[in-house]
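When the chains are written out, they are named A, B, C, D, E and F in that same order, and each has its own residue count from 1.
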Amino acid sequence: MIKTHLKKRIEMIIEAPLEINIIDLFDELSVKGYTIIPAIFGRGQEGVWRGDGLISGAGQMIVIVSILDPARVEEILSRLYEFMKNRIGIITISDVEVIRDEHF
Amino acid sequence: MIKTHLKKRIEMIIEAPLEINIIDLFDELSVKGYTIIPAIFGRGQEGVWRGDGLISGAGQMIVIVSILDPARVEEILSRLYEFMKNRIGIITISDVEVIRDEHF
Amino acid sequence: MIKTHLKKRIEMIIEAPLEINIIDLFDELSVKGYTIIPAIFGRGQEGVWRGDGLISGAGQMIVIVSILDPARVEEILSRLYEFMKNRIGIITISDVEVIRDEHF
Amino acid sequence: MMDQLLILVLENITSPVVLFFVLGVGASMLRSDLEIPQAAARLLAIYLMLAIGFKGGAAVATTGIELRLITTLISCAILSFVTPVIAYFLLQRISKLPAIDIAAVSAHYGSISVVTLAAAIQALAQLGIEYEGYIVAAAAVMEFPAIISGLWLAHHYTEVKRTSNGGLLRHVFLNGSIVVLVGAFAIGWISGEKGLTEVAPFLVDPFKGVLCLFLLDMGLVAGRGFRDQGQAIGPREIGFGMLMPLISVGLASVFVMFLELSAGGTALIFTLAASASYIAVPAAMRLALPHAKPSIYLTMSLGVTFPFNLTIGIPIYITIAMSFG
Amino acid sequence: MMDQLLILVLENITSPVVLFFVLGVGASMLRSDLEIPQAAARLLAIYLMLAIGFKGGAAVATTGIELRLITTLISCAILSFVTPVIAYFLLQRISKLPAIDIAAVSAHYGSISVVTLAAAIQALAQLGIEYEGYIVAAAAVMEFPAIISGLWLAHHYTEVKRTSNGGLLRHVFLNGSIVVLVGAFAIGWISGEKGLTEVAPFLVDPFKGVLCLFLLDMGLVAGRGFRDQGQAIGPREIGFGMLMPLISVGLASVFVMFLELSAGGTALIFTLAASASYIAVPAAMRLALPHAKPSIYLTMSLGVTFPFNLTIGIPIYITIAMSFG
Amino acid sequence: MMDQLLILVLENITSPVVLFFVLGVGASMLRSDLEIPQAAARLLAIYLMLAIGFKGGAAVATTGIELRLITTLISCAILSFVTPVIAYFLLQRISKLPAIDIAAVSAHYGSISVVTLAAAIQALAQLGIEYEGYIVAAAAVMEFPAIISGLWLAHHYTEVKRTSNGGLLRHVFLNGSIVVLVGAFAIGWISGEKGLTEVAPFLVDPFKGVLCLFLLDMGLVAGRGFRDQGQAIGPREIGFGMLMPLISVGLASVFVMFLELSAGGTALIFTLAASASYIAVPAAMRLALPHAKPSIYLTMSLGVTFPFNLTIGIPIYITIAMSFG
């Protein structure tokens, strides 16, 4: 049987112009890896937005996924939470398993 | 330690032309938030499709993600299931944790 | 109450040119369904890439999601792992619930 | 006439427009990674419909509205409504597909393909043959009725229960391609010859080149369809996909006799009749008949009938139309 | 003058450019699935800014740099800085919106809309009226100051605490649309008339046609805004959205008196003053004032003021400018 | 000759084509949010290859097939095969990179860059210098051999074990850019002068303008590469990236002596030899040598050699080619 290791999957939905800030934050925190996925439409407390609605991408939302070692979640999450406090978007955390422990 | 709250993450993969219908359904059910992500290729029981295959986007699939309060899952899921019964696509449910309880 | 069934959700982040190979592998293993989602930016051990950085899509990454029957995970995962061993990318596994058991 | 037809066919299949389609089919059958991004393909499609619509409207502005315009539109609507019924019973004879798929396929053959129309317009331009501007309006009018009769067939001859169609009517009448075609037609009409001159460097001059690029994409899509879904249909269905256009033209020729159109206009009506939808109708069918298989109706319309019309169909229709004059 | 204005308005609202905008609004209000993919819309937007910038630069290369250029740019910068203050106090009177939203809206009205400028340039070309090439540089200069005074208003009159603005300045000064506009202006300047001739078949001839297609998309976006967010604003805000452009033109006319511009140049400065940003400023506001509601400022700028300027505003500004000469 | 070269360089680096590239590099180094959507960039890339291929084919259709065509193609294939070997041993001397990265880099320098070719064609047009149409075919022929010798080097001089290459050959020979280039060349050949006239308003007239826009995007990509991955290479690798093109030209001049090409044709062969691939070869390397670092070979090819060729390389090659005549 393949041995798997428990990690945490953090998924953030944020505004595209903040991408640079999150990346800088991840750099600062030495987050090993992450992936950014586009979103096309959404609704939340601040109402509706859609990716094709703004020519400049200013109102575009993106999904940032990062698989983290559980030991680091607390620290990283608190920083992300602080950054997001006054901003539009959500953060969720879930359990995932991976094969290559050392990769994350 | 940051306190987190348990929520349910619903992920639906459906045909793009049904987007409007699902949004209307979510409105009717007062679902607080959701996000739509594009898909580019897929296979299921009904065979293969690809997003670039149809000029009109008629055959395009999309992924709809919604983080829900567990108390509301039963009701919303049954309505979604009913809508999807005769249609192409899938629904999955998983556990996630969030920080801002009142947001969902 | 709606009865749900436990499945495994496999999520792979790989390079777009390998899409064909993974699809062929899934065909060989008779994987019933999967969906491919685009990614736009990422970082991992091999450094940074971005989807818009290469005109040919050679450096593009994609996310492949497949909901599998738990009984089949072991076999499929070991084949995927073998394929990925020398390549750039990650694989994660998580629990999800579905309604239509026979669909997966 | 046979000679002339052969020459036309030869000229047509060596035109850049058709050759780019062939290039696309070849590339995707060989699994090349060549790909025109979907966003780009949609932009090209919108451009083509906008250009066709605008030019048609501007042409009507010059000639003015006539009785023939009205009678042509009515005839075309009837043609579109009737064709699926014929297609349904013919395909039921020929093929062993489930009734629901037959109904879905039938709707496609009553409706039309704007890109096939574009290729025919290009072929006429090549030959220096004139046509009536309002044929474009006929194209818009022929999109819907087929959907209604196709659905009626499905509901009458199969067990399909009426589902809440999820805004089917809106999808059908407000389908993006129809909105652009009809809207640009109206704007072209209002703007007239003067408006056309202003937008000509964008909408008229590069038209043929853009059509080439778009047909490269259509070829890629059709080739991928064969590869992924080729097994969905057999020789009987392929035969139908090439026979049905000719039957539609036969039917159309009855109507056309009374319409006093120019040879070019007649050729375009034949082309519309012969062409099968792969944009508006598939979208409608996925909503209204979710159990009809897209792999069947798309492969037939895009993989069989479209290439047939593009290569030898159009020259045939032009030849027949000219013998009518 | 009233007669002339009426004729201008009529000619303007029946021009293809405006009609395509109307088509887009109509299509999306009726929930058509017509959609110009975002990637395509951005390409069109970049094209428009590149073309406007390049032509402006090439024009300056022919006329040479003059004192009026400098004084015009300085005047425009001041205009952009002052306008939000007026807008702020006016809107505070008229509407019951929270102060932070009022500040955010104000910043939009001090800044400018390049697409409105493009439509005005097109209208002048239609009427055969000349204008100074450096007006394009004025457009670039007017983008920023409004943001700064808008933020100052927000910080002074509301409880907003200064957040780490997440690279706001970079976002403002290196905003993509400004980089393209200013960069293409500089390149056009360096390349001069000769360079313009070489790229004219791409940047000049098809310009109007591309503008039509882009305005179709703008119409779709504006219509969707009404549908999704129409309830975000009321009649008072709509009134402001149509009144404010006229006040801005009034203010601009004070400056323009000293600038000795041609009638065309004056009309374009009026148009810039009257137009409200929907690209650079919204982006800046989301970063700097995340609690100001995009649904309010976008609906006002894109849903009210843009259509107002596009349809009857531009003819009014041209008429006033011509009476100035 | 030195004078003439200086004038050529100056004229070249102040051409809009190069200036837009510089604008792109500057914008992304300063972290502007300017971005040409990937779908749009791919459309532009396909357009450029289609236009180059079609024009080349149409040119061959007029001149007819000649012996020199065959000998040129064979020479170019050999050139492409040999160059990586020279590059490998040179880079091994100069740099301390792992052998596998050196092999991967080498393959890039044997292959070619179509956009560099496009810029050189544009520069020749500017100077009114003619060239042989079949050079485009040479470009297609030079794409592959370098990949094969690059992989051979990797397998011979490193520990790389042959993996199942995941359809490498298909990726190499059916690479989208090659399919478009060769396909459009063939279609241009079949359609000839007449076909070219029909598509000229799309494929010929706007070519230079589109090239400007595309080079803006190339500049953005190259600048981002520096920013994200600049530290991947050092001064030794940068030196190699500017030296190697000159060595390739030296090698090419041996072949060219026997080919009796026009000065323009010679300049284009030099440009092809000097240019390094950043589309076909990176794609092949990621499949065949997944452990070679893209950050190294892409930064060298796109970040060093491409700008070098674009700015001062092309004028140098034209000057040398003219002294050959």
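The rule is short, and it goes like this: a residue touches a chain if its C-beta (ideal position, glycine included) is under 8 Å from a C-beta of that chain, and two chains touch if they have at least 3 such contacts.
Because the structure is predicted, anything quoted here is derived from the model rather than measured.
Ranking all chains by how far their C-alpha centres lie from the centre of chain E, first place goes to C. Interface note: chain D and chain E, two copies of one sequence, contact each other through mostly non-matching residue numbers (shared numbers fall below half of all numbers used). One copy, chain B, sits rotated relative to the other, chain C; on C-alpha atoms the angle is 120 degrees to the nearest 5. In this assembly, the C-alpha centroid of chain A lies 19 Å from the C-alpha centroid of chain B.
Separating the CA-averaged centres of chain C and chain F is a span of 35 Å.
Measuring from the averaged C-alpha position of chain D to that of chain F gives a distance of 40 Å. Within chain B, contacts with two or more other chains are made by residues 17, 20, 37-38, 56-57, 94-95. Annotation for chain D: residues 31, 33, 35-40, 42-43, 167, 171, 175-176, 201, 206, 283 touch two or more other chains. Within the complex formed with chain F, the residues of chain C that make contact are 15, 17-18, 20-21, 46-59, 86-88. Listing the residues of chain C that touch chain A in their complex gives 11, 13, 37-45, 61, 63, 74, 77-78, 81, 90-95. Residues of chain F touching chain D in their complex: 37-40, 42-43, 46-47, 50, 54, 167, 170-171, 174-176, 179-180, 183-184, 186-187, 190-191, 195, 198-203, 206, 283. Chain D meets chain B in the complex at residues 35-38, 41-42, 45, 163, 166-167, 171, 175-177, 221, 224-225, 228-229, 232, 278-280, 282-283, 286-287, 290-291, 293-295, 298.
On the chain D side of its complex with chain F, the touching residues are 14-16, 19-20, 23, 26-27, 30-40, 43, 201, 205-210, 212-213, 216.
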